[in-house]
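Structures given as structure tokens follow.
You will see two complexes here that share subunit A, one where it goes with subunit B and one where it goes with subunit C.
== the complex of A and B ==
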């Protein structure tokens, strides 16, 4: 045993103490609150997605002739296929939800302010990537929702001035959905976007390590929040407990509400009632309220505003100090998102 | 101001600048070319295949009448006659693809309108927008090009199908005589879908 340890240490010249020193970062006390685990939650779910996604890719065949049948095979015939697919589906849902909640937490605690503006923007990129992975993911099943969702999504891209037409052609590999489209969605979903996300997560975490976590002190209990504790093992244990809770939740949801299949894609008939996944309800309702270009440009403007929000917030703070404008704008924005989502969920058209 | 550095040092600085510039230019050109080739490779090489196909004899379609035409790719096209000049301008071929975001409209006989279920767009029988986002943006249903040659009406439609399916498979009906020839003339033939 000693020989083996010596052999390894000669080739990996680092001791356990040095490794602990390297990874052990003092974590502010407020991170003991459970809702401050929302950053680690999507990261954990991302790992679940990679593992279940690799398993699904063993059977999935990305072409219009075979995609639906291969998903049916996974769901109905492959051993535990239904479970793997359901885990993938529910982990995607929870990942989107936790990314949104994480962003809300960062927003309302002002953790995006100087010097963390760049990390907020990287977080925004991760949010957009997460939503795009979700969109390309449900396009792969090649059911009715997949086909019409992809068609509408590509035409939204087409509505963007100047580069829209190019983006649509690149996405669909042609003027409209064709035999070469599905493989592009698959590559985006399973290779391009996950790679981009791994890079973005690495930069996100590196910046957190370099700048440290923002200290958040509850004014009612300041003594409880001041000071710090060790990342290893204390905070790691918290994250592990969170991971266990997520796995229990995922397993329960996958068993009680397993992933099902809708009717296969029919490129000639749009279903009478069609809805995207819940996280696109806001955009879907928005597109019904305004004409194509106005809706697309205003959506783009909103996303851009969110992207550069730290700088807008800094300007507002300078102009109207202590006005808490960002909090009120955040509350109105959140209520608007919830309202539009519920509206779309409640009606057929 | 005179350069007081020894000549060897000045030469070495110039040489360094030249080498650096050449290296930067070389890297930029080679990686730029690789990027451009990659981008061009991803961009589709041309538009989808389209062809002119026979619809019917022009005089078989009465003024005000319409037919439902099924293209080889399975797309349903409403072809209507709106004049008697004998020219191609008498005819319109309405696509069932909504100009808003590309969903398929369907005919609602009760409301005498085309309805798009995606974002609630509506169109009158002539394809003009009457409600929803298409009305706000004034987007009519697109039309397919038509031509008349020797008294025969032709339409230009896409001929590629998804997953190698044929119109027959998509429609689940017996094949019509000749690919793309589904001239289904007369109101009875339209399955009550058109006014």
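== the complex of A and C ==
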């Protein structure tokens, strides 16, 4: 045993004590609250997505002639195919939800403020990547929702002044949905966006380690939040518990509500009702409320505002100190997102 | 939370996760078993049928197995729910304290399936039993068999035959498709049928004298006449006055919708030399597609709506009975609702039907209009609604033009002239009133009943070989090479016998027919 340890240490020059010191970075006490684990949750689900995505890619064939049939094969014939596909679908749903919840937590605890503005913007990039990977994901099934969702998405991109046409061409690999579109979506979904996300997550986590976790002190119980605890094993246990809860939740959802398939894509039959996945409901309703370029530009403006919010917040704080303007804007914005999503969910058209 | 508490939570959650994976494995195994057809069925045995199942699982285990795989079994419809009988019913008997009947009639099924019963009773299927005493049955009852028992010709080694049952051919042939008139043996040797029982609107006998003389076994069961039961003919005439047998298509005791959706099911009766619909379908592109794609046709589906649940190929049920997207998935149990020609008689008729569903033969247009309850055009439109899931209106109209032209050609060139010749022979006394005692009657029967139907059915369901070689080619050969020469032979014979006027009358009919331009090729230069 000693020989083996010595052999490894000669090649990996780090001792056990050094490793413990590295992992045992003090974690602020407020992280003992469960809802502060929301940052680790999307990362965990991202790993689930990579594993299940690789398994699905063994069977998936990205062309209009074969895509739907290959997904049907995965769902109905391949051993445990339905389970892996359902895990992938539900993990995607939970990942989007947990990214949004994580962002809300960061926003309302002011964790984006100086010196963490860049990390907020990286988080925003991760949100956009998550939504885009979701969009390209359900486009791959090549059911009616896939085809017409992609077509509507491309037409929305086309509405952007100046660069819209180019964006549409880049998305569809042509003026309209064609034989090359699906392989482009597959490449974006399974290679480009995941690689980008791995890089962004690495930078995101590195910056957290470099800057340290924002210390949050509850004014009502300051004594409870002051101080810190060890990452290993205390915080790791917390993350492990979260991971197990997620896996149980995913398995339960996958068996009780497994992923289904809609009618196959039919370019000649426009569905009477076409709706995107739930996480696009807010944008979809917004575009319906303000039709045309105005809707697209206003939506772009909102996203841009979210990107640069740390700087706007700093300006507001400087101009109106202790006004809590960002909190009120956040509450209004959150209610707006929930309201528009429920509205879109409730109506048929 | 302390570290030890966290460790305990991790242990519990880890166990729950493993448990959830076991559940996933169970789901996968269940799915595989269901795919392989060995899945567990959640059978609900109602209290009323528990004793039946417990006993019959020993005495007739296959029946119980069949029932277990039925939708009835999963919805709590057991043996008693179908076999229950009012003690006043003619065929009821006490079976371990319960009043039941052996034969489950459409009236019994109507207790739950009233609409299906109404549609079926209005259909031509339900009237199939009317073939008894018709021309076809004269063949089986008299020509093939005998209307009475008769003594054997000579001893059969190894067997002792006292009397020959002259109705044996009818019982296993005609009646197994068309349906028997179910009869119970009487104590005086008579047969007791619905005619004797005179059932009321509830199916209960009004003639109690007939009921009183029903022959019963020692345990009280009525003794069915073996020539009439067992029988699953679709037009069976039941003791309660209802017509038909649901099990003709929905085989007992599993009542499989999957089976009823397949053409093989109809092929029990719709095949053979006189109405080879099954073979015609197999030759058609529809049948070819069905053989290739049947595994993808969702035949096991709870619903089976064309355009929603499948679209690979049509079966008999698809076109004639099943629901489709354009009619809201409504199934009909009257296959005649979508048929615009009846090709059953010697001369095809348009399917204008009266309020009883009978084809109207009235020629006066005004009177005809008064009688029509459902036009042939409405029936054709219903069929087009099915076809249009796969075919454009141009294609459909083109097909129906071809079909109509073909039927009209057959009617005008062969069927009407043939009918005129046979009528002329009969009215002038050159052939007897008795059927099938002269060769020309067999010739004419082959022409319209076998070859003529094959031709018309072949055209109706896109089977070119049946329309032509097995159809019109043989019709033409039979007409020119047999019917005309045989009719002339009858005329010549009549002249030799001194019946010149009758002979000339028949010759005139034949000559007038052959002088028409469509027959000119035959004898003219």
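A few points about this structure:
As a working rule, the second predicted complex is superposed on the first by the 349 of 349 C-alpha atoms of A that agree within 3 Å, B and C clash if a C-alpha of one lies under 4 Å from a C-alpha of the other, contacts with A are read in each partner's own complex, and residues count from 1 in each chain.
Methods note: a residue touches a chain if its C-beta (ideal position, glycine included) is under 8 Å from a C-beta of that chain, and two chains touch if they have at least 3 such contacts.
Remember, predicted model here, so these are calculated numbers, not experimental data.
In the superposition on chain A, contact is made by A:237 with subunit C only, not with subunit B. In the superposition on chain A, A:174 makes contact with subunit B only, not with subunit C. After overlaying the two complexes on the shared chain, residue contacts for A:65 are found with subunit B alone; subunit C is out of touch. Of the two partner chains placed by superposition, only subunit B is touched by A:268; subunit C is not. Of the two partner chains, subunit C is the only one touched by A:83; subunit B is not. Of the two partner chains, subunit B is the only one touched by A:290; subunit C is not. In the superposition on chain A, A:154 makes contact with subunit B only, not with subunit C. On the side of subunit A, the complex with subunit B involves touching residues 63-65, 148, 151-152, 154-156, 159, 166, 169-170, 173-180, 266-274, 284, 287-288, 290-295, 349. Here subunit B touches subunit A in the complex through residues 42-44, 47-48, 74-76, 96, 100-106, 116-120, 132-134, 136-137, 139, 158, 160, 162-164, 170, going by the rule given at the top. Residue ranges on subunit A touching subunit C, taken from their complex, read 32, 79-80, 82-83, 233-234, 237-238, 240-241, 244-245, 247-248, 251-252, 254-255. By the touch rule above, subunit C contacts subunit A in their complex via residues 1, 3, 6-7, 9-10, 13-14, 16-17, 20-21, 23-24, 27-28, 31.
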